[in-house]
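This report refers to the structure that appears directly beneath it.
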Amino acid sequence: MSGLPTVLERARLQELLDIAPFHQWLGLKIQSCSEDGLELTMPWRAEIISNPVLGAAHGGVLAALIDLTGLYTLLMLGTRAKATADLRVDYHRPATTGPLVARGQVIKIGRQLSVAEARIFGPDDKLLASGRGAYIC
Amino acid sequence: MSGLPTVLERARLQELLDIAPFHQWLGLKIQSCSEDGLELTMPWRAEIISNPVLGAAHGGVLAALIDLTGLYTLLMLGTRAKATADLRVDYHRPATTGPLVARGQVIKIGRQLSVAEARIFGPDDKLLASGRGAYIC
Amino acid sequence: MSGLPTVLERARLQELLDIAPFHQWLGLKIQSCSEDGLELTMPWRAEIISNPVLGAAHGGVLAALIDLTGLYTLLMLGTRAKATADLRVDYHRPATTGPLVARGQVIKIGRQLSVAEARIFGPDDKLLASGRGAYIC
Amino acid sequence: MSGLPTVLERARLQELLDIAPFHQWLGLKIQSCSEDGLELTMPWRAEIISNPVLGAAHGGVLAALIDLTGLYTLLMLGTRAKATADLRVDYHRPATTGPLVARGQVIKIGRQLSVAEARIFGPDDKLLASGRGAYIC
């Protein structure tokens, strides 16, 4: 990945992230930006719960995290990813406490389509969900 | 699919759906339940927006709709689907107004894993997103 | 899907299909072409077996069938689909005898990316596998 | 992944791999087995070509490689993975010469479902395709 534009600064990427009202509702905070990947966190909030007995977060919220973490991993690297073409998520364990930590990595930067993966961890660093998005350039 | 238990009544399925705080936040309403599939609607709300220029809903919200529509299509038919194993979503057009309409259909009811698909339409009945979930029984 | 180019004739689509040596190896035959979808068949051959105890076909062969059935469903409709961007397959039952029947349908024809789904049935018309491809235009 | 059974020896895993006639047809050879992952190679053969102009391998063959590499990565680690539940493949570049190199890694070993990923490289070590399988235990 030599020749890529410089990695965006954290403050600049946080600004881009905050443009989306849904991201603000999720309370996302970028923790680190580097060529190796992106890390962001999402605090817990009561409205994201799906199963009140387990107190587990809704799979759709984890899917949203994977989608946006993949996209912003690409944007961080200067890739002109515009929109998600498709998204695939594997659920590994219930997410029952926050903050959730999402880590994104690039799989392939292409001319028409780029692919990035993201993994979501709980506060104990256990893998809760993981997946990939393909993003139109 | 002969021999399946009777289709759950709409009011009963709505009760099950409303157990999840995230579903309440999304404002989901079941419109119809039958052997042919499930239809539910989600009103628009400002917090779901991702792109404020387009006014487009976040892909993660559409992913949540596909996930839960697939799951409740199985539950409607008496299938003991417990949790989403994995989810796949294709994005076709930006979702810019509501209410969104989600329609679910069963692909396969299995002993260990069942698969259902869901399609999301805008108020003009255009296909916005579609996909599938695999659910652990 | 009004305004689509005329559906390709079966003989012409068979010619296109036969260009690929792998398709010839699989022995694919187009059975029907229409606006409603594509149907093709694949005979059984011993080399496709994965599990010799069950006599079951390899999942990768079924994945190939889903991939190509989706692509040729788009080509049949005059869509300029060039290559598979990504593929997703659900396995429902072991495929233990042939011929296998694959049926394809369009989900969405887009400018950059089109999506089609395919389902594979056994000689008894039971659903063995199903899935989707996204194809670059 | 502490407490996992010892990694299977290469010769033993090759024996398991060779049980499948389709694997023999593909000519698969296990190159290395370790806790870090599995590597296997597939020689080129004329029958796998899809696009004779480019001389590119069929996407279905790459899908088969990803499927089986994920499964044997789990088997190598003593996981009782029985069958592929579902498979997802991203295509990054045409595969035009061999041998192809497939590398598998575990994402999550679960009680009902395990997930592994695989990446396929050309002789020049460029990433050609990548993806994941979910396998029923």
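Chains here go by letter, A, B, C and D, matching the order in which they are written, and residues are numbered from 1 within each.
What we mean here is this: contacts are C-beta pairs under 8 Å (C-beta built on N, C-alpha and C of every residue); 3 or more make two chains touch, one makes a residue touch a chain.
As the structure is a prediction and not an experimental result, all values here were calculated from the model.
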Taking each chain's C-alpha mean as its centre, the one farthest from chain C: A
Pair joined by the larger number of C-beta contacts - A-D, B-D: A-D
Where chain B and chain D are represented by their mean Cα positions, the distance between them in whole Å: 33
Centroid distance [mean C-alpha coordinates] between chain B and chain A, Å: 22
Distance from the mean Cα position of chain D to that of chain A, given in whole angstrom: 27
In chain A, residues with contacts to at least two other chains: 85-86, 88, 90, 134
Residues of chain B that touch chain D when the two form their complex: 85-86, 88, 112-113, 134, 136
Chain C residues touching chain D - in the complex, by the definition given at the top: 19-25, 46-52, 57-61, 63-65, 67-68, 83-91, 94, 131
Interface residues, chain B side, partner chain C - complex: 88, 90, 92, 107-108, 110, 115, 127, 130, 132, 134
